[in-house]
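The same subunit A turns up in both complexes below, where it pairs with subunit B and then with subunit C.
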Partner chain A sequence: MSALDSSTVAANAEEASAKAQIESLIYDHRNADGTFADPGPFRLAEWEPGKHATLAANDDYPGGRPFVDAIEIQMGRGAKERLVDLEVNKIDFAEIPAEQSRRAAERGMRVSASQPDELVALVFVPGRPAAAIGRIREAVADSIDREAIVNFILQKEGEAAGGLLPQWSSGTAFLFSTSRDVQHAKELWSQIAPSPRISLGYDSTDPQEQSIAERVAVNAREAGITMAVEPIPAAASERGKTDARLIRLAMASRLPRTALANLAEVLSPLAGVEDDPLPDPATPEQIYDYEKSMMGSFSVVPIAWVPQVYGLSARVRDWKAPGPGENWPLADVWLDSLGEAGNEKANP
Partner chain B sequence: MWSCGMRYSRRSQISLRILGLALLVVFSCAGVRARQSDQATSQVSPAWKDAIARLASRIGNLAWTERAVSIEVKNISSLTEAEAASISQELKAELQRLRFSVVPQDSAATQMTVTLSEGVEGYVWVAEIRHGPTLETEMVSAPRNGLPGKGSDTTVSLEQRLVWQQPGRFLDFVVEVKPAFASTVVVIEPNQLTFYRSADFTNWQAVRSIDIPVPSPTLRDPFGLIDEANGNAYVGPAGDVFKPTARCTGGFDDPDRLQCSKWSGERVVPAHPKVPHREQSEKVFLGEDCGGNLVVLATGSNDWTEPDAIQGYLVSGREASAVPSGSELNFAGPVVALQAGSRDDNARAIVHNLKTGNYEGYIVTANCGN
Partner chain C sequence: MTFRTKLFWIFTLTLFLSVGLIAAGVTVVARKAFDESNTEHTDALVQQFKREYDQRGQEVFRRVRGIAEAEATVRMAIDLARPSADPSIYVDDARGVSQSYHLDVMDFVGTNGTIISSAENHAKFGYKMDWLTQQVDGKPIDWVEQGSFLMKIDTQDGPGVALMAVSTVRVGDRDLYIVGGEELGKEFLGSLGLPAGMRALLYLNLDPAFQAANLMDGKGPIDEAQRFAPIIEKEQQDQAELKEDINWTSNPASAEVFHTLPLSGRHNELLAVLLVGSSQREVVILERRILGLAIGVAVAGVLIGLLLSWWGAARVTRPIRKLADAAREVSAGNWNTHVSVKGGGEVGQLARAFNQMTQQLVEQREKLVQAERVAAWREVARRLAHEMKNPLFPLQTTVENLQRAKESHSGQFEEVFRESTSIMLTEIENMKAIVGRFSDFAKMPQPELGTVNLNEVVRNVVKLFEAQFGAVGRPPITPELHLEEELPTIQADPALLHRAVENLVLNAMDAMPAGGVLMMRTTHENGHVDLEVSDTGTGLTPEECDRLFTPYYTTKQHGTGLGLAIVQSVVSDHGGRISVESETGVGTSFHVELPQNPPRKPQVFPMVFEKQDA
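Here is the complex of A and B:
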């Protein structure tokens, strides 16, 4: 079977993630070569690329028929539009930006959030001159005010990241400092002559990345580092033209060893981080040492851990925010046409 | 927008109900100490003592000669204040056994900060040791294996016995062993109930299989229950209120007398115990009195794609929060069903072995001891 729409490339990471989630509803599993096998709990009933899709319950699904009869999916709705749709009860489910979670809840919307399981990080692009100088990388890392990013940009939905695993998973994230050291950043930067101008790229379709990138640039300038931000379009050919860029890394598993091994695999080509094997099973100390070794070069600079936040209508029941590596449990939810629910914040 | 579908309830963890003719024993709350009380004195379990000893040993192996250390213990985990205090005391005692002297910070050449942390797989206890300009870090893992409630010398040890296995999924099973006679195993699957007999508990022969009426569409999350005491068995969708779609009656002494038919009567399942961090797990009360506490068994919090474990807990009453006791039993796959057994000290567990693909039925027995 082919993918949902093999001719269409996702415009951004959010779209790519949604596409993968929808495919997981239609197909039971994905082969190593990317093709799909076995029908899933839903079947594709209608499909208008980029606009609309309808999934109907698969009565013959071996795992049991889903509780809902069908799912209608509207595509191309921005974050603000999704929030309005939820507020007027036009839709039952939508992903909403983490920083909108508090405001949505205050407006009476039902909100469900995962553990912080997506890492926003700054990665220095291999091959660029700035990436080759360790003091530049360390100075930029020291200049970032992570607490301010979490408090003001993410509206306290998330936590400052000093390492490559969140505290709830590894239990050792507290050992990685998230503090800013502007003085040390200035000292390092003063040793670099001539001082280069650092360009920081961000996903042009991601408003949250734009806000974070701009804040990182402000922090850098406070430490005397010349930094400018540049939006990066989806086209891959444009991605290599900045010295550094923001990336989002979703945890593949709640288990620290699995999550870290997956991160190493992803970061190895992105940031030139060595992909040495991590012992399996691994002790907390081994995981911590491995994490520390990946961080030592400052090629990857963690900034914040962000949860996945979902808005739900009052009638949705049995929803549980999916954990790392899990799919939307839309085959397991049902709709209560009688009851209402108050605000719900799930912390799996 | 979703179209309205059928409404299915899920198991609830809230209200207490009666199963069949089983009696509900109401426990008085008088004199019960809450586990979370900061005023309670606590003891450290063997597993934690082992972790503390390992941590102290690693600290002792660090290369410096000054044995005067200051210790600050911080707790950023779910351990209570009393538990953290007990662990702190135990660590200091262990370091003193290794000839360290614990002194105030201003007179110590070595400052140690011990952080009681926690990850998804259990506790992580970290010691950061600063000696001059040098900072060393040592850490150990410790199980989420807490302190017993009343009767602090009592622990629960679990043992498992594999009784049945087959390639296809089954929902519940019962075993009747009769030395010198044929032993019987009754297995209920989503669409049939089968009697097996064996004279030597090794070679099993299917004596009779009875079809169970299957609802349409197929059940997504079937639940099965063999009510051994009353000679009945039920199959239906899992839910807050168990509403079977089929019932088998006639007793299990004579396979020929058992009949299965569609059924729409309502049955209820007992409330699940309150077990911290196990809200979505399978849980059962056992009838055993263990040092004045009830025994609870609960599975892990992983999903059905990962190996699982059953942990014993002690709880002072049906509404109290359970405390882990003893070591957990590990299995090669998820525990997909857990039912109280025919005796007060055992339960039936069904495991999906991820390595072999077989479904395995275990009798898990809880033994109380000091």
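Here is the complex of A and C:
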């Protein structure tokens, strides 16, 4: 998000999420049938699909006019380009990869990160021969060095995940082990004959997923598991060609029950886990038991929780990193035209 | 086989052998030259690879050392030497550094051998490279002294082989290892400049058994890699430079000669094999062209040689053939045959000697004829005297008786006169008969040639004597005729021939006073007809056989000795020959050979000889 003039900001974001974020800024809420109702704090002034959009402040917004006059959103810019744009003050706001957060902060960039609310997990694809054997799934789960992935690949931005909900949300995540057991993995693997070759897919457009997948494969090979990584194109038809794949699952809510129910709903077709109804409301014990039962089959292997990280220019004020299910609070942001602000890592 | 044909085949065989030897020699020499040229090219390429390999090693070492000396690396080493160092922040650094320094392999490794950052296998952080911290004889490895070396590596795409170098940055008692290298693969092969017809292959010895996927050229894995398995397996055993041929198809042009160069690691383990292949296509095509040209030249040479051989053989043998013809003429009785001589040399000398020989033969014959003529005259004189003496003596006695009767005036004179004149007339008749026979022999006419069937002549003569063969009071003579039905006619005088056959039959009858078998046989061969007249009489001695045809020689009490002389004269006048075989107590056989076409006049053979220089 950069200032086109003293009262206009521009934003740069991934096109997919940008569209949703733009919709949240120009409409107040979505109807049950998917249509939008009530104008939002901004109105769409310009729209060029895949390239850029300009949002102008809605003077008639019932909640009050936004502080900025306009937001110019640039789409299709890569992570490195966004970082450079931020460093040279070409933009005011951008999403940046979590693993870049640390270095960006060291270089003096203002960084804001959310709670770790996106789960990176390995799911075994239903119907694949290797995915059908429980010992294979368990051996792979035991071989993964989650701490190394968080420390090196995510550059300590995130948490090793043993369960489906983060510690800050459920409070019971510590009950799920994140340590690896290579010896147990070797023992399990030695019981499988003939030893299959496991293919692990990852999103071909996601470098972070690629790094995690490669590390998982290295860990697996250390345990004697024959694993190869394969990039998966975005096309849905390619998704069933690997035995397992990495996925990212964003939390739908801060509330553990809602988040877990949503995860169960999403994972059911992806990993073939049972989608039994979760009591509503549910006690922490019920949530834990439900989470444990989903983990028991090793069809889903949580790896890490990753936060959403944003880079901010020095003049951005009142930015608060959105929580799970929340939109960018750009209507509340204002720009300090007088000068610099100190580096701040937002952590609402 | 004629002398000309023999000469022709000798020339041709010599020509074939010469051309064959030359063609084989040219082919062998050409192949040897091509092989040497190929070997030179291959050796040059191998040497080029070795130089390139050494240069690449030195370059890798320089780059790794450059990384170690870079400020960022030194700062990293200082940072990592701190007690609370966090190596995770450097996990991505190797990638950027490897790209900057154009290295395929790039690792930052901590003092305990733990990988901090790896370019070729980003996910290997935290794992150990134990070989870096190994000690030799209780001391750390001096990586500067080690220089560059070949090593098996583990990349994101799988195992590989790289030309590696290690450098260290020491801060306090802690080392930061910088491991860099350039992977040996298709890019490395692609950078080699290869002349046309040659290719370089690289086999990465990553598995104990041959793996076709590990063999590549500058573009990647090659087809039919399995064909290289024996070479690689041999290399795995010997680790020595080898030279092997691979025939891709039955066509020799598809063959390639491969020179192998084993590439070993720090512990002399075989890690890769370079194969420099030289296609035999150009060589085979060139050899085929040379061979084709040689065959073309040879065929042309042989054809020309055949013609020249035929012409040369004819030219060489022509005077000899004419000599042979002349000799045949001489043997046929034409002693006046002369060979014209032009040129020198051995054949010319031979021709001159032949002419001298025929001239001497003619002279000798004339002398012999002269001598024989004298002898014949003497014989004639002797015979004549002997013949004439018989009637002359009674004549002399009768005349003397008549004179005595006249002088004595005896009354018996008239009676004496009648008797004497009667005797004188008788003797005069005898003398006239003697003279008549001599006269007949002297009046032997020249043959008047006509077409004659010898079988008819024989049958007529036998028919003439049939009555005498079985005459009463005489032991019977049995005639046996073996006459060839297909006997060709000859040119001869029928009357003279009838007379000659008649004399032979008479002679046989005289030889068999006690009877016997008279066999007459006719045959023909090579332009002449033969007549054999045999009897089963008492036979002749060799001395008698020698003189049998001499006029007036006879073994009979009342013979004139002219019968067989007439026979020989007739045969000779017809250009034929007569011979006799006899065995005492068994019988005698006369063989008459008559040409179908008797020669009419002497022939002269012109002969031309090239002058033969030494």
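The rule we apply is simple: the second predicted complex is superposed on the first by the 328 of 348 C-alpha atoms of A that agree within 3 Å, B and C clash if a C-alpha of one lies under 4 Å from a C-alpha of the other, contacts with A are read in each partner's own complex, and residues count from 1 in each chain.
As a working rule, contacts are C-beta pairs under 8 Å (C-beta built on N, C-alpha and C of every residue); 3 or more make two chains touch, one makes a residue touch a chain.
Keep in mind that what you see is a predicted model, and the values were worked out from it rather than measured.
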Worksheet item: Is the arrangement of subunit B and subunit C around the shared subunit A a clash or a fit after superposition?
Response: fit
Item to complete: See if subunit A has more residues touched by subunit B or by subunit C, and give me that chain.
Response: B
Item to complete: Give one of first, second, both or neither to describe whether A:W334 is in contact with subunit B, with subunit C, with both, or with none.
Response: first
Item to complete: Identify the partner contact of A:L260: answer first if only subunit B is touched, second if only subunit C is, both if each is, neither if none is.
Response: neither
Worksheet item: For the combined three-chain view, what is the angle at the C-alpha centre of subunit A formed with the C-alpha centres of subunit B and subunit C, to the nearest 10°?
Response: 170
Worksheet item: With the two structures laid over each other on chain A, which partner does A:L83 touch: subunit B (first), subunit C (second), both, or neither?
Response: neither
Discussion item. Touch test for A:R103: subunit B only (first), subunit C only (second), both, or neither?
Written reply: second
Practice prompt. May I ask you to decide whether A:I153 touches subunit B, subunit C, both, or neither, giving the answer as first, second, both or neither?
Written response: second
Worksheet item: After lining up the shared chain so the two structures overlap, which partner does A:V218 touch, if you call subunit B first and subunit C second: first, second, both or neither?
Response: second
Discussion item. With both complexes overlaid on chain A, does A:G64 touch subunit B (first), subunit C (second), both or neither?
Written reply: first
Worksheet item: When the two structures are overlaid on chain A, which partner does A:I198 contact: first (subunit B), second (subunit C), both, or neither?
Response: neither
Practice prompt. Enter the shortest inter-chain Cα distance between subunit B and subunit C once the structures share a common frame, rounded to whole Å.
Written response: 24
Response to the item:
Dual-contact residues of subunit A (subunit B, subunit C) none
Worksheet item: How about subunit A: which of its residues touch subunit C in the complex?
Response: 102-103, 145, 148, 151-153, 155-156, 211, 214-215, 217-218, 222
Fill in: subunit B-facing residues of subunit A, complex
57, 59-72, 90-93, 167-172, 174-175, 254-256, 283-285, 288, 317-318, 320, 326, 331-332, 334-337
Discussion item. Applying the document's contact rule, which stretches of subunit B touch subunit A when the two form their complex?
Written reply: 1-8, 10, 76-77, 115, 117-121, 123-124, 126, 128, 137-141, 217-222, 280, 303
Worksheet item: Given the complex with subunit A, which residues does subunit C contribute to the contact?
Response: 88-89, 91, 121-127, 156
